[in-house]
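Multiple structures are listed underneath, in structure tokens.
Paired with chain B in one complex and with chain C in the other, chain A is shared by the two complexes that follow.
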Partner chain A sequence: MIGAGGSPLRYLEFGDIVIYFSPYTLALFLLALVFTVLVIASKPERQLDIAFGADAFTTKDIGLSEMRFRRFMAIACGLASMGAMVTGDVFDFCLFTSLVGICNVGIVAAVKSRHVQGAAFQYGLVALAGTVPLFGGAAIVAATTGTLSLIELSSTLLPAVPLVVKGFLVLGVMGEGMAPFYAAKAEMFRAPGAPYVIMCSLSSLLIFLRVIEVVLQM
Partner chain B sequence: MIIQRISRFISNFENLMPIFAAACAVLAGIAILSLPFVYTEDQLYPKNIDRESPLDPYDRGGPPFTQADIVLQYPENSPTAGFVTAYLTPFSWALANTTLHTGTTIVGHPGGILDEILYNTRGLDTVVETTILFIAFAIASYIFRKGSP
Partner chain C sequence: MIPYLLFATAFGLLLLGIHRKMIARIQRRPGPPVWQEILHALKFSFKSTWVPATASEVLFVSVVLIAIGIWTAAFFVLVTGGSLLIIFAIYMLHKIVEHGFGLSSGSPYGKFGGVRSVISAASEIPLFVSVSAVAIFTGSLQISDIIAYQAESGPLFFAIPLAALALYLVILSKFPSSPFAIVESKEIVSGYKTEHFGVWRAGLETCNGLKTYVLLLTFLSVFVGAIPFIGVLLAMILIVVSLAFVCALCPMLSPFDSVTIQTIITGIMLIYVLYLGAFG
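This part shows the complex of A and B:
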């Protein structure tokens, strides 16, 4: 098979769910892997507040347990993104996408800032609502073609997936944090603790890049 | 001017949910207009419900203790497919032969009927689903315990 992301170099079989590494998905997978390793290895930033009109600044101090939890969530988010990058099954892709959404909320869940918490709550609501078009789209893909495997879907023998169903999938992924639903995520970045918060942005960017390949392949 | 107004509206995250709801409504409207979708007859995971079977809601066809014939996407990846459903404990099998109600109790029996699709051919889905639950529990328990020493 030659999909939208090039012909797969390697397959990993889990029953009916076949993971495949094409040049495109392999590149995205490596990007997620490298960033996850960075998250594991790096020390978090310490945010500074400069006081205007005076020669002074304050450092925001974050407890160790909070940092540990945030790192755990960032690593989980990285693993979920890696899974979403290489999976060869529409339903599995939807599951990984919703896992990324939950992890993104988890990364900033421990922040003691009312503003960030409010943004995370609104983001969580949109991510929750986004699962409806996402899984609905996957269900209609299964109904109209009779299969969920992306490898089978790339063949021309199957009936075409209706355009609006592809729209459902894209809208569901956009709800996980792409423009124009990005405002809450941008506010979540105000939380101290890069590089963990950057994982929120990178994961949704990667997932959006993958959904383009998924939709083109159908 | 209009772009300024739109971007000001979008930048407030309190408005995100209405915007997303509107986008969903528009897409659902287009979907309704483009109905009917043509469904294929050749489905990957067909399911026939036989109300007369004693295993009623869990009966996926095939006699117990032998391999059932199950439609798969990649049969070569699941050599044991068809055996999961076939497995009944002797007690469950006796119950199924005498009453019509094993289907209501069968999941309570050790080694009772497991869903072939979930636990054999689509096992990775089950793993990811439970991972989502565990992550949600981890977040909830962390937030719950945040204040306590």
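This part shows the complex of A and C:
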């Protein structure tokens, strides 16, 4: 289905890699940009925890060095998400998706909580496994059609992309943090630092939304 | 277009008021007046506004503006006949907004609401099924093309009723007091919106009104097609009344049950769309 997200409004060429902005990819790109700016501009909240059995509560503060590292990872995640939203190359899309997975682990791995670190480790394993079908799909696209360009793949002149490729790409992206694999990620949200943690769920959602357009485009 | 946007917001709030009134009458309570949600939005606009001391201030405020922004964008995409995929994306991104509302305050109640919003991600997949079924049938995801297809071939509601049911369930999951409304259930006060008061809550109420209108108009545009404006408004009221019956008669599910049932529904819908793809 050509132009599933609307007709491209603008192309940016970097050699043989072409970035394109359709109404759909532009909307997703802008959202990634807005939340990346929010990561830069926001300070983390102080989470309140109710102390059971007493009339008291505690707050969780984030240290400066931890905050700097997590903010760096969240910004990197935002940049990777933006790249994945507008790229017109299947292999680049897979690369950006993998980078999002790594950054998601980085955003919460610095939190000194056993639950959060355990969840980050488990999520890292799932994301790692997800890269196999992801890059496998991209490799099959190159092998069967001779190109990785989404614009060329949307033309009817090339051989049809095998259905299994679309399944591989969706499965790979789901491994990066969509339901039902999301279960490994849920515990990560115990971590304080809302602006950074939100980037974990936002990036996964954006990648999922983009892969739908990618598979419809082929 | 701006007057229509304002009308849509006000009518969406009125629909939420009708929903509350209907639930109350079904449960033999007097209930609030139907314009209660409009009064709420106005009332919060003039109440004292603050940002909690523990909050991430920029995110706490920005997320309200983002909520209004994305649903305004969805409204314009819908009325200009743009891509259904963008509406789908905005609906899914609303989850991030709920997450942001909940986590930005530092309150445990807001946090639970935000986390519940994230774990109920399966509720979005039926919308994906609806979009896929519509794409298979009409060969396009442009809303203008879908409406034109129905003008020739009749409403999609009769051709793919299960896809319409999937979208109906998506709308149900976003309605207050629905069996799936775990993000704002009473054991966590008001869930993700607990700490947003004053102007911030007024913004959230406005967003809810617009969201209701957009979702119902999407349902009618995609599954019924072009109908006169008065017919659209009456059809919206009818859908809201039917939703009120479901909400009034079904208890709110526990988070585990809600996610389980939504996942089962999602599985059935995926099988349906695979069947449509193979034999439709």
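The criterion applied here is as follows: the second predicted complex is superposed on the first by the 215 of 218 C-alpha atoms of A that agree within 3 Å, B and C clash if a C-alpha of one lies under 4 Å from a C-alpha of the other, contacts with A are read in each partner's own complex, and residues count from 1 in each chain.
Operating definition for what follows: a contact is a pair of C-beta atoms (placed from the backbone, for glycine too) under 8 Å apart; a residue touches a chain by one contact, two chains touch by 3 or more.
A quick note: this is a predicted structure, and the numbers were derived from the prediction, not measured.
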First (chain B), second (chain C), both or neither touched by A:I17: first
Touched chain A residues, chain B compared with chain C: B
Contacts of A:L99 with chain B and chain C, given as first, second, both or neither: first
Which of chain B and chain C A:V164 touches, first, second, both or neither: first
Partner chain in contact with A:V86 - chain B first, chain C second, else both or neither: neither
First, second, both or neither for A:I62, with chain B first and chain C second: neither
Which of chain B and chain C A:G130 touches, first, second, both or neither: first
First, second, both or neither for A:V215, with chain B first and chain C second: neither
Contacts of A:V111 with chain B and chain C, given as first, second, both or neither: neither
Residues of chain A that lie at the interface with chain B and also at the interface with chain C: 180
Chain C-facing residues of chain A, complex: 1, 4-6, 23-24, 27-28, 31, 34-35, 38, 41-50, 59, 178-180, 182, 186, 189, 194-195, 197-198, 201-202, 205, 208-209, 212-213, 216
Residue ranges of chain B touching chain A (in the complex, touch as defined): 10-17, 19-21, 23-24, 27, 30-31, 34, 37-44, 72-74, 77-78, 81, 120-125, 128-129, 131-132, 135-136, 138-139, 142-143, 146
Chain C residues within the chain A interface of the complex: 54-60, 62, 66, 70, 73, 77, 82-83, 85-86, 88-90, 92-93, 95-96, 99-100, 103-108, 111, 114-115, 118-119, 121-122, 125, 128, 135, 139-142, 263
Interface residues, chain A side, partner chain B - complex: 13-18, 69, 72-73, 76, 80, 83, 89, 91-92, 95-96, 98-99, 102-103, 105-106, 109-110, 118-119, 122-123, 125-126, 129-130, 132-133, 140, 142-149, 152, 158-159, 162-165, 167-168, 171, 174-175, 180-181, 183-184, 187
